[in-house]
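The same chain A turns up in both complexes below, where it pairs with chain B and then with chain C.
Moving on to the complex of A and B:
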């Protein structure tokens, strides 16, 4: 006798639930929107300042614009310009490739094999997280001076790779574990050689991890100030080394112009990584499951 | 397979180690090999050391805790809102890509005496002139430093937790909701506990980074107290090379504090793991 009533109750309950869910989603959307605005605000201020000529108090918008900041940032005056930019990108790219390769091997050993000292090794990989990089930088300077790596590009790349290593390992551990070894074993039993296996099985299945590790290491190296200053000893002039003095200096237009160039360059390279991932990731996934 | 990584880590340990022993007065390249605690004594009896340690600990703890709460919230909100790839790209990757020092510059442009925020206040009639707003550069409360770290690290923590959170939410979280748990309950009693490991690890990374880095405090800190890395670098730059022993002693203290905190973290984590296993 009560069945229709119960059914109706349950329906209103379900509807109420659904409405709640929808409201929660709407609130979540709004808050994410707020976060996006907070991310955008400082970047927009930098962009506006980079082209500002005069901005007297208390105006909310600059009085006059000019391109002198951007011109100086790209002109090659004061050690700056395309050479520095190319050197920085080269160092960062080398560091990204080196660190990612090393991390991929280390993750493989950590995830797929049992061996003595594995726990100690795992602990050692997070050491550069624990000990501040400033302590490392001040300690390694003398060592590098003795063995001739100080003030050289390889020395800077090596130092950057060391501090980026734990990030790369964290980014690649999960995916290495998830990928497992069964596909490789299948490939080997089908007669694949080591290179074939690496190219068609191992790298494609780790690709998302490899790409995020590459871009993280690239960013870390590209924006490393203190370590570059100490190891490079002023001889290896990367972009950040040129940029940094302007940050604390007086001319805000110049500082923002340099920062804008920095932002554009890092983000462009980052987008290239993303596009590569999507292109190759999609193709290999298709061939893997198709 | 681990050889290349061991090589890099070896260089790291060697670099840190050679710094630490210089703190004990041992500088083989200057033919000084006598062990002494003199520099540690000097460093530890320094009047401004305690202030520096407290200041460093204060702003890195505050940043790390707020960033963790914010980052987990952001990660949960993005999971809830089922945001698209582009939103995640902008909301998470862009701040990660931006350099810390550039964020510091933006904070200066926004909040310093003649910055945008005081101007808005002035237009609204709340601030009569450029000096009435508390300055962000050199503020003893270090709120500028914390603001920079929050802008950078909230997305970083979200980045470190969002993948695992999305997975859990779409499988176990969904199961909990089907069984009648509200979204909030499903989040706090299922998703959050399962993400704990990732969250703790992210917290530790952010704390250690904020504690040990030079750029942001250098750009935004007050004259006194100085953050530990800045203090150490000032001593390191002294033309008298023997003074480096003193800088290295400060570094030793800094590394020691980090190590102690990490050991505490591991003990807590291990004990927690054991308790959970025991219950099962």
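Moving on to the complex of A and C:
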């Protein structure tokens, strides 16, 4: 009498549990869909706007398309074309390399050595987070004017590096600590000199962190507006400086064309990072080695 | 190469790690540094390799002071307990690493690497990634890598501690065999008294940063200098006697050294300590022990051995 009842109860329970799981999956999928839409839709709008000639309100679709925006973005007229792009990429790449190198050394000092004042130094590395970048820009401009770095490309690179440094240090700290000095000791005992150790053991170990840091610093420098404007004094014209007036001035077609170029260039640079990683064998079958 | 430490002192973080440590390892010998953890054994190896500079005292290689020689020029090689292979290289590149550092041409160093892999019974593993290997295989790669460096002194820092018991037994045999084959001066740090007894020509017992006793396995076993040394060898037992013409004799007990070498404790069961079977295959050549006083040592689960006094 009781047995069939129990069985039925159990089945209802199981079905209930399955329904719950299906619902959870549906919710998860919806959330992922919303997230994708939030990222993809604005990008799509930028792409459409970049090729739009006229899009009067309240139309849902542009009335006419043209390549005017892209042409201007790449034309080289008024210092806005390939030269600007090359300068921006150069500054961002130099900033990425400089910052990552400094961060790698700082992390090494913080993680592998005991010394007086280490905690103070560690705190100092994240100070640029705490100081608002406008305040920092005002201060550094005065200093750079005094030492002759204002309105120069090296000055801009240095200013960008200072802002990017805390991010680079945070990205590199954990991997530096995890890598430790054990394998370096092994390498030295097996006959590796300091440079050989750096080349064959230390850098490969830190490579995942180095690449994250390079990417982060690159994008921070490439998209830096206010600091570049102030330190560069209008003489160092980066891509963002050229883009900004169009964003605030209302020519959306040209602004979006520049944004599109910005996106494509950034993706291209990250793709190059990825290819270099594969080239050096640091990444295999899609995952970084242990 | 003869290796010697003279009055080494070392303080780290306000603590005395090594106090007046002196000993010598003769050319081609296999010597163990035995002691509890924290006795300063691994630190001693690091001082020899130059990874840690001592506060005072001298490190001598063949009578020459090497205190000014940086680690990578001392031509020692360390096998670490935690293995420390390079994950960005495959197995062959790992073994060839010390040769690459010495600028040996590529073809030659890869050929040497393959020879070393064969010596540790890992033929054909050259193209594997290190993380695809088991713990025991990884440690054998580490041994091959150290051997490829053709070190004047091979330093082994608890090389078997991370392995399970059966693997440890295999690795002990392998390392003993490789030492006999390559003949380099070897210094092994261990906290396993039986391991030190069965593998070494001499044992250095360290405690609390000092050398407590140094001597042959039989010396430490029969005449421990202090209670700590006696306690370390609790499980081992020994019989004093004489060796004459390849036979160990003590009273009515007679054991052929050749039989003893072929004796396999794991197959023997409890009954036969000395009942070396006539049919047992002689896989190993019996160690040449000169006639005279000797001691027969039995360590649980290991092949018993005879040591000259």
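Note that in this section the second predicted complex is superposed on the first by the 249 of 290 C-alpha atoms of A that agree within 3 Å, B and C clash if a C-alpha of one lies under 4 Å from a C-alpha of the other, contacts with A are read in each partner's own complex, and residues count from 1 in each chain.
Just so it is clear, contacts are C-beta pairs under 8 Å (C-beta built on N, C-alpha and C of every residue); 3 or more make two chains touch, one makes a residue touch a chain.
Note that the structure is predicted; figures quoted are calculated from it, not measured.
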Touching partner for A:5 - first (chain B), second (chain C), both, neither: neither
Contacts of A:109 with chain B and chain C, given as first, second, both or neither: first
Chain B versus chain C as contact partner of A:196, first or second or both or neither: second
Touching partner for A:130 - first (chain B), second (chain C), both, neither: first
Which of chain B and chain C A:147 touches, first, second, both or neither: neither
Partner chain(s) touched by A:267 [first = chain B, second = chain C, both, neither]: first
Broader residue contact with chain A after superposition on the shared chain, chain B or chain C: B
Which of chain B and chain C A:120 touches, first, second, both or neither: neither
Partner chain in contact with A:182 - chain B first, chain C second, else both or neither: second
Chain A residues within the chain B interface of the complex: 20-21, 24-25, 28-29, 31-32, 35-36, 38-43, 45-46, 49, 57-60, 101-103, 105-106, 108-109, 113, 121, 124-125, 127-136, 138-140, 142-143, 146, 158, 161-162, 165, 169-170, 174, 216, 219, 222-223, 225-226, 240, 243-244, 247-248, 252, 255-256, 259, 262-263, 266-267, 270, 274
Residues of chain C that touch chain A when the two form their complex: 13, 46, 49, 51, 70-73, 75-78, 80, 82, 84, 86-88, 97-98, 100-102, 129, 131, 145-146, 149, 155
Chain C-facing residues of chain A, complex: 114, 182-183, 185-193, 196-197, 200-201, 204-205, 207, 281-282, 284, 289-290
Complex contact set, residues of chain B against chain A: 1-2, 4-6, 8-9, 11-20, 22, 29, 74, 77-78, 80-83, 87, 89-91, 93-107, 109-110, 114, 116, 118-120, 122-123, 130, 151, 154-155, 160, 163-164, 182-183, 201, 204-205, 208-209, 211-215, 218-219, 229, 232-233, 236, 244, 247-248, 251, 254-255, 258-259, 262
